[in-house]
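Letters A, B, C and D mark the chains as written, and numbering starts fresh at 1 in each.
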């Protein structure tokens, strides 16, 4: 397929459709509403399900319901709406049904604003809802990645019977870039739905989907099963991209849009002769701790750049295991850091390194 | 004249749409009766293999253990939303929710309103026993004025807690509602009427006519502090007055047998 | 001769006594001499004079589907079981 | 080579569409491009702007502080972006709505009475294309023909009757810029 100029929100919605998403439930919220609008138009055209729910609370529970039926189903929202979905996400996790959610983050806390932010990192990556669970979290940095990861999200969700959340920010939802959409995948027939799905207990025993286990030992069994699944996910699904880290003295670590901003800063810094490289974590859960650990063993300092007050910073600290100093540069409230701001931070670190030598 | 030949025939036995398992409900609790009625209707309609139930949070949280069919467990109050998701991708299946008064009328008030408003083609069995059973007898949105509960120890004071919600009256106002009726489980005659209404509600769904709900006035002997029998009498003497039985919305497209009346 | 009889499943019966209050012939008693596995006195049919008609009213009110009802039916009228 | 263009004006002046047009042309020329809008309440009545970055290499940040070129459709946009354009960059000013001269002397400045020209052409909505045409005269990365071809492909169906007007508007902008350049 040829590249098209696509807006992020439209791109992931269409990508989901082509990945075989059979049902979409959502509630309008800026800056992701174009996704809902795209679904509103396209899903009925294709004979699939689109429904604007009465709230994000209802939307995620509709997703939960459709997921129980064994279809590919998704929702998308933005930060305040995603907060409302946390209850449902926890139930989906506890029931071990696959579902995909896209969070196009905006400034907060509270009603905040509609400008791009990465303030949901803790909420999304660390679970957000109640109980022990981890959604798989993928952080795209371009419209193409938004497409690719959305498609992949359905596969991962079905492979592990888990939630996959695409964590992007308002700028990715709103920007346009050339990108290539995948071929249209065929939607499964009812007969092809998984054997655990609720499709009516015809010629088989009833299927029960639940997340309540009153016996603590039985609940613990579920928790252990989830942990075993997480171990597999942690072994197989770690993703990251990196740039010019081979000989780097300084590593910048940033995800999503801040990763792209940092990339520009890193390139300019290289032109100035600063030996700096970039690690852009893509899977935020599972986090590339091992790669951070390796990098920390080679560089002199780490700079973390985020569009929040330092939420991924904690994970970098875990991976660093105290090896090298970590500094943080963040913009909050919906402000995107500019490449020259990041460059300035890199220069400061370079002078510190120079001074200590 | 030859002597008549008599054969001993099974008149009544436990429904095949229920599992073998005994319920965890307290002795005399009418949840068991409503489960039975639903199961019998499903048997009679021959739809067990096409029916998917949604259990609530509340005493009936384990309803899926007792019904012999596909079932899912919803978050508190969200059963209508979950049923919506399930029904939309399984349009040829019969999807019903089973919800108590806290689940449906309090935390899930938005979900039930909008499911009805959309004319969602699902059936809701609404158990109104005027109290929170599972958590041990606190005030429900349907608790009667003056009724003592553990969170209204001096009786529900309408100045403080406001008035009970009458869900049939509310939901029947919505254009998407096709069949909204209130029945009671306080005696045999009413139980039989309740069953007919449940049958009608499932038929409404089968015919794709829209949202259907049967509210069942139910007892909670344990949290009301009464014997099972006294509790049924309390329904008759107090609840029926506050929650009049009857047909609140019957879509004209339903071919009703006029004998099936609530009162 | 009795036209009907009931069998109470003592694993299901919780001794709520609702059946005793609705029996038109007042033929159901609680078995005070024994307990079910869950610790309830179960309901039982006490019908020395064979009065039970198999009307199934007790089964209609039983919350626990514990009562199975049989009735003698003229052979020509035998039909499939129903409540 | 990376070219960064900011197009800024009031909501309704077509700045977002002008940026998209550049983006389509860049895409069709197999270049890397990002189109980044301002969005939100400022879209209504306040200033709207978009950043278009065109490059022959992968684009990092979709936002930049110092663009290589800016089209400013009104005074607040001039105030905001004049100080930011890179040295030797391009600043295209809509003099129809801006009542002061730019102060920078290290820029290629193009003064375009875009609204007047658009009205002359019969549709005041064409001001954005006049400005774009003037910009294109200063840009190496895309030609007016390439942008014109993109316009043909991507003009919304309900504006198709405006296609010729749009192209004419761009040509007028380019000609004006070329003419003035010749004059200096």
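FYI, a residue touches a chain if its C-beta (ideal position, glycine included) is under 8 Å from a C-beta of that chain, and two chains touch if they have at least 3 such contacts.
Predicted model only: the values in this text are computed from it and were never measured.
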item	value
Label of the chain whose CA centroid is most distant from the centroid of chain B	D
Distance between chain centroids, defined by C-alpha means - chain B, chain C (Å)	25
Whole-Å gap between the CA centroids of chain B and chain D	64
Distance between chain centroids, defined by C-alpha means - chain C, chain D (Å)	88
Chain A and chain B, separation of their C-alpha mean positions in angstrom	41
Chain contact graph, described as a line, ring, star, complete graph or other shape	line
Chain-chain contacts as defined at top	A-B, A-D, B-C
Chain A - residues contacting chain B, complex	22-23, 25, 49, 51, 53-55, 57-59, 61-69, 71, 73, 87-88, 91, 95, 190, 198-203, 206-212
Residues on chain A engaged by chain D in the complex (per definition of touch)	3-5, 30-31, 113-115, 170-171, 174-178, 257, 260-265, 267, 336, 338-340
In the complex, chain C residues that touch chain B	4, 9, 11-12, 14-18, 21-22, 38, 40, 54, 56-57, 59-65, 67-75, 78-79, 81-83
Complex contact set, residues of chain B against chain A	48-52, 54-55, 61-62, 64-65, 67-75, 78, 81-90, 93, 110-111, 113-114
Chain D residues touching chain A - in the complex, by the definition given at the top	20, 23-24, 27, 32-37, 39-41, 59-66
